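One chain, subunit A, links the two complexes that follow: it is found with subunit B in the first and with subunit C in the second.
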Partner chain A sequence: MGLGLLASRAMRPLRNSHSSVFLRTIVSKPELQSAESSAAAQAPPEPDLPPRTPVGGARIHFPNPEDAIEVFVDGYPVKIPKGMTVLQACEVAGVDIPRFCYHSRLSIAGNCRMCLVEVEKSPKPVASCAMPALPGMKIKTDTPVAKKAREGVMEFLLMNHPLDCPICDQGGECDLQDQSMAFGSDRGRFTEMKRSVVDKNLGPLVKTVMTRCIQCTRCVRFATEVAGVQDLGMLGRGSGEEIGTYVEKLMTSELSGNVIDICPVGALTSKPFAFKARNWELKGTETIDVTDAVGSNIRIDSRGPEVMRIVPRLNEDINEEWISDKTRFCYDGLKRQRLNDPMIRDADGRFKAVTWRDALAVVAEVALQAKPEEIVGIAGRLSDAESMMALKDLLNRMGSNNVWCEGTGTQPSADLRSGYIMNTTISGLEKADVFLLIGTQPRVEAAMVNARIRKTVRANNAKVAYIGPATDFNYDHQHLGTGPETLTELAEGRHPFCSAISNAKNPVIIVGAGLFEREDKDAIFATVEAIAKKHNVIRPDWNGLNVLLLNAAQAAALDLGLVPESTNSIESAKFVYLMGADDVNLDKLPNDAFVVYQGHHGDRGVYRANIILPASAFSEKEGTYVNTEGCTQQTLPAVPTVGDARDDWKIIRALSEVAGLTLPYDSVGGIRTRIRTVAPNLLNVDEREPATFGPSVKPEVTGKMDTTPFKSAVENFYMTDSITRASKIMAQCSAMLLKK
Partner chain B sequence: MSFTLRSVKVPPNSANLEEARSRVFEFFKTACRSLPSIMDMYNLDDVASKSQLRSVISSEIRKNSHVTNPKVIDMLLFKGTEDLNNILEHAKQRHHIIGQYVVGPQGLVQDLDPKDRGMSNFLKNFYRSNYF
Partner chain C sequence: MLARLAAKRLLEIRQVFRQSPQASRSFSTALNYHIDSPDNNPDLPWEFSEGNKAKVKEILSHYPSNYKQSAVIPLLDLAQQQHGGWLPVSAMNAVAKVIDVAPIRVYEVSTFYSMFNRSKVGKYHLLVCGTTPCMIRGSREIEDALLKHLGVKRNEVTKDGLFSVGEMECMGCCVNAPMITVADYSNGSEGYTYNYYEDVTPKRVVEIVEMLRRGEKLPPGTQNPHRIKCGPEGGNTTLLSEPKPPSCRDLDAC
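Moving on to the complex of A and B:
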């Protein structure tokens, strides 16, 4: 029996004489049977209703005060700007309308019909998500007509939805489950077979059970609008309608995991999380992500000592409500290859577990024998500000100042904060109309920033120009060149793209932090600043010159002044302290150098290490991080540490005492007081500290640019640090999804 | 445990701090008087001397020297009397007495390494666990 036949039966329930079993009505309440008459019988609503608070703290911004219109929601007057939909008006009035297909960040489809409300003088209930609110509209959300309409929609949706909630991963956090409890009928009239749909293979991240799909098309709209891949689509018509990839193909987007969150039912669920846990068993910890420099806000869901999954948290300024696949699925790396005991390398080259007491005694003894100029400390890309402060203090007490954070190059310029943060801010990118990307591939370096650029390109038709090696973008762009010579052309005004920048209202230049590693970086930055000056990119009301950092630790390291004294200290080092540094090149290190590796994963840094001090990962400690736009954020411990590991700053503090150079703090509060004297912005959590000075106060640079073309900074999006390299899911992704 | 509870009589509450104080001294004296039989009972002569045990008793009492509420003192006294009765009734074994009153809560495994003498609390806690 098709949809139409069932629908007609629902309309005329009393016709068929032979089907007396079907004579049950949908609803049990008598007043719902005759909706119109009971609605008329009701007294007009009293105007003096208590004011209601908007749903989810929704705020409205009136761009133009005279555009405000007044509508009545359940008799309660509410002022909204012109162009808002009925559903948005109801939200402002504090009424939550049930919905499946509507999503505030996606285009409006209006196909689920769940958001039907009654509007006075309208012949039928209207789909509130697609209906613009008109002045004086009287919206009724709680009338028998609206209730009956929702009940009917619910019944149609459940007609083809399997009743497999007990084995469905969405169970407990399913919109359909919740709304059928709230708005559905207490009985069904369904007797036929349910339709079934072949599951689609979308790759290693998203599990599909397409029979559960209710065709809300949120995933299709997300893929085309936000992720910018045309992979998903709607096939077939009527009851044969299916969501799928048109041809047998995987979903190759760095944001594909977000379709799991936006799917209102259990059709798209997380493949690594399948059958692992129920959402009510999980403890949520609101923390931030460290796999890239964006610092996406996440919630770590854990059960006991195990991280079960990572989901995004809303932050309009940074990640909106999306996160990249690396952020979402790297968590299995937290359970593999972990270092859990202090270990010393024996004469035969094998590691032997020792106690903390012995390990620290050995490190202290070796460190005290080394000459100050032979001591080197390198912070890793996941280090928090507290431990970097402690490392710098310890090395300074030993007399050495060769301490830096990997990825900032040999001569980082930490003097001017505007020279290493994103001055426009991530949300500020939405105001831009021309982008010039220099040596950066935001899609792999910072997927959330790329999503912001794509949003701007879609909304304002912003132009994007790119200088660097060939790479794929998910929006229209112009590839200007591959190396510094294009920069020179732009700076001298010879390039055809110059007119586009100078005509732009809010031009944005984004320079990749991969250029920090180049020898001629000072000259490159001087040229970029010349371009910015020539085309008026930096104005009092607009700062469009940005650096896009690569690692979570970079901004905090430069804020704290982790700048090495000499550029070639590794060649002469005798004692190297690697604090989670895995990507530093140790080829030139002398063979007799003593390497201490403090970190949480047995990754590249361990191969050369003489001694291992196990530390805690970002999910296990409280640490301060600064993201690429200069916003300070803190992680919170979600799970206990593994084995005998300790927090990074505690290890360094303990080592300092064993070495007889005790650092003057022994608590997080103490170390933060110390940070306050160096970089006070690191204590203003969740606040963005803009740079005080622009590049105009920079001294003149005399060097010349090399002609070697720019290289891509991130080889493999899915594996950039020790956690993601240890992750099995990330390995599967790099094997299947990366375009070779 | 019922037999010990039977043997312990609950005296009426102390009316004031003075009375409670005198009861404490009375209890201390009772405990000291029973020391010879305890040492006999549990063969404690080779691990401790009478004077050592006396000072342990007094230090246990002094631990609560800040308490000024007569009701609380009465309750602590009751607990002490119960413990003493348990010991005298041989409801405990030798290792209980040694563990509780001879070696003390630090246990036998003590860091007597001269290097660790001047260690800060931070480092002591650090060696113990990550959470402090």
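Moving on to the complex of A and C:
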């Protein structure tokens, strides 16, 4: 809630007054102190009737039109569906009610009392967040009674709250600060000692200053309901009440960082960000996250050339308003182990910095000497679509078609889009009632998808079955088996779980992209499709067959058709172009092969590289990414690049010119025009392009599944790519939170 | 003028500091978080005794099977009786397992209620009522007498492990104020008693302590020999005669 908004709300009742506006905002007048006298003194408020805009884009959805009821908020009539609370009704009417404990995505606690409003015929102010709106209710939010009630609640809340705003990291974005400015009184009557509370150790991410806690229990409800770790609780009673874990325990959730956002005060703040910056010094850039295939919407807050923190952005279809800890805290990796200069490895194996001109000349020379079939290009897991397009075009011009994106395996099938995206969509998962997870562990592969599944499990009692190595889930699940045999049983209808799938209304099958790496992947996918067919998972109105991708680049790479021509090109390669690819297995590469590593971090790919070309990271460039459900999104540059680094596609474009194979575009717009001819969906930003054809048009698969059990695709949730591997915070997390 | 104002303000500030901040708190255990110690840590095994397992079953049978967690308070009480009057962390974990909830949900309950002791108490836990009626009738002196006699502080256990003194809110016995409660954990959950001793005097509580030490049984209730239960001292004073018939009507005639 913005301060300006709140302030203007607070000023609103003053429009009726005839006295000086300034005097009234500063001095609390006697008539405002006594509710009755001023109510009598004031003329009945004129309803300001021009329609108001709902707060924060509050949407109403009428599941059943007959259930609509009408209530009056400050005299303004609104139609809302039955079952909404008074607070929600006010939101629809464009009135922002102050609140601390209420959070639209958590259960209602009703324990802060900040949301008090006056309701006609009710003897005392009511807590609007917990009161269901009734037909014809007359709600008044700006009467003296409501104002006095809020001032009173504020006085109580501030009773034990320390006055340490100058040294509090929440300062400037604190709900308590804002709301006490807007709704509080300028004086208090409390002269006793304030209590103090021992700080808790919740791990390397969340810093606690528990004395500041106002006991709203949002964090407890978040941990219990959304994150699924029941570690936090409300201990003690009365003024000794405190939030804690009772026994010494770290918060081991992949979503723990979100309690920082939902805590309305500075009790839970970010440990890595502590005392680093004030929020008004930061510049926010709305961009997307690339550490997994979900493409969570984020805002990168930067100060000068430095990324200071990452916070989530609301996107109902993708990440709601949460992000995973990896997304939130990987940013310190952007400042460490960066490659700033082009470098060439000399005879004694050391890297020496050279100029761009020399580096490109060397690369062009070696590349032109290699035979076309000996040229290989591999895009990394963080690559954007523009660079992958340029890489593919360049290699094609050199006569090679051995270009692919790491993580898609040796023979990816890019022909059918439905075969590699999430057809149900992430938000569509909420309609499901049975989940079958095959070789995927969403909790570590895509924490936000896992949060959706958990939400569905809680809301619809959806059943979850899992095939793969034993792992942690934060919801109830059945472990059906570890490998392909279980799939065969399901396909043949011999498995007891079959009845659950076929009886389900909206069954969902999610296949992990880790299976792409298996030799027998075609057979596995054929079996999965057989299961889907048998149990009616794909219907005209419901497509429940999904692939959960692992990397941000994967979907765009497959959309662009980055598919290698031969499956064993690495064994015979002489010239390898790694565009940020760190996880390809180069063991089989001949010793005399020349490896170019173009990327932003000195990570695994550098060990074998002969030449390094520094590129920019996702926070520094404009790039297109497609997430696992096929939604196209773009990153925006938040900070300048480091050193001499350049955008990936620019490097490739320059190289093409030096090599005499000039690519026909020299701007992002030019590349996008080129992309339009290959994959037009990559230009519809923020839109999800569903797959057109189902798997029915697929050719028959011959070949059998072998019996090796599925492996887990992500070993360490906190370190999956070059940015997160360079991050100190992520290293701390893996050391402290993953120890078994 | 200014000096007077300053002096007045100083007085106010002094007053604020004079009352030591938390002296009036009355928690059975002061801390709301757990600190591992050799006799209280999550690694110690803890289980309901065989006899109590049957009681656990019986307690659970009072609640619908999908609301097992409602049994948390009676189960904690049972665990406390079994464990000599206090709840180590492992006992709370055991209760959490029985009712199938996360341990933190049990910690929340046991930290809320001051009758659950989360640190050691004596075999006889003496609870002095400190609420207004008892306080007016001298509960502070009673507590002082107990603490002095036993040589301990509040919530501290005597060296022999026999006694500890705690404070309680009103136990509904105000008519016989002041009063103390003796929670007797010396015989496990079978012989557990929780008796009120009312109308006590500083002298009498010391006698009670000594009797308990000798293992003597003394009748609970009022300690004033001139009172019967909560009747007035020296017998009833009002409504002594038979009720008179109504004057307007002769009941015997009908």
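The rule is simple: the second predicted complex is superposed on the first by the 701 of 740 C-alpha atoms of A that agree within 3 Å, B and C clash if a C-alpha of one lies under 4 Å from a C-alpha of the other, contacts with A are read in each partner's own complex, and residues count from 1 in each chain.
By definition in this document, a contact is a pair of C-beta atoms (placed from the backbone, for glycine too) under 8 Å apart; a residue touches a chain by one contact, two chains touch by 3 or more.
Nothing here was measured: the structure is a model prediction, and the numbers come from that model.
Asker: Put subunit B and subunit C onto subunit A via the superposition and say whether they clash or fit.
Answerer: With subunit A as the common anchor, subunit B and subunit C both fit in the superposed model.
Asker: Look at A:D231 in the shared chain and tell me whether it touches subunit B only, subunit C only, both, or neither; answer first, second, both or neither.
Answerer: It touches subunit C, and subunit B stays clear.
Asker: Going by the contact rule set out at the top, does A:E248 touch subunit B (first), subunit C (second), both, or neither?
Answerer: The answer is second: A:E248 touches subunit C but not subunit B.
Asker: With the two complexes superposed on chain A, say which partner A:T662 touches: subunit B (first), subunit C (second), both, or neither.
Answerer: It touches subunit B, and subunit C stays clear.
Asker: Touching A:R357, do we find subunit B (first), subunit C (second), both, or neither?
Answerer: The first partner, subunit B, only.
Asker: For A:R646, select first, second, both or neither according to whether it touches subunit B, subunit C, the two together, or no partner.
Answerer: Once the two structures are laid over each other on A, A:R646 reaches subunit B alone.
Asker: Applying the document's definition of touch, where does A:D472 land relative to subunit B and subunit C: first, second, both, or neither?
Answerer: neither
Asker: Going by the touch definition up top, name the partner, subunit B or subunit C, that contacts more of subunit A.
Answerer: It is C that touches the greater number of subunit A residues.
Asker: Tell me which partner A:M193 touches in the superposition: subunit B (first), subunit C (second), both or neither.
Answerer: So A:M193 only meets subunit C here.
Asker: Could you look at A:G240 and tell me whether it touches subunit B, subunit C, both or neither (first, second, both, neither)?
Answerer: Only subunit C is touched by A:G240; subunit B is not.
Asker: How many Å separate the nearest C-alpha atoms of subunit B and subunit C in the overlaid structures?
Answerer: 54
Asker: Please write out, lowest number first, the residues of subunit A touched by both subunit B and subunit C across the two complexes.
Answerer: After superposing on chain A, no subunit A residue contacts both subunit B and subunit C.
Asker: Mind pulling up the subunit A residues that touch subunit B in the complex?
Answerer: Those residues of subunit A that touch subunit B are 355-357, 616, 640-641, 645-647, 650, 653-654, 657-658, 662, 666.
Asker: What residues of subunit B sit close enough to touch subunit A in their complex?
Answerer: 119-123, 126-127, 130-131
Asker: Where on subunit C is subunit A touching in the complex?
Answerer: The contact residues of subunit C facing subunit A are 12, 16, 19, 21-22, 25, 27, 32-34, 36, 42, 89, 101-105, 107-108, 111-112.
Asker: Using the touch definition from the top, list the residues of subunit A that touch subunit C in their complex.
Answerer: Interface residues on subunit A, with respect to subunit C: 191-193, 195, 198, 200, 230-237, 240-242, 244-248.
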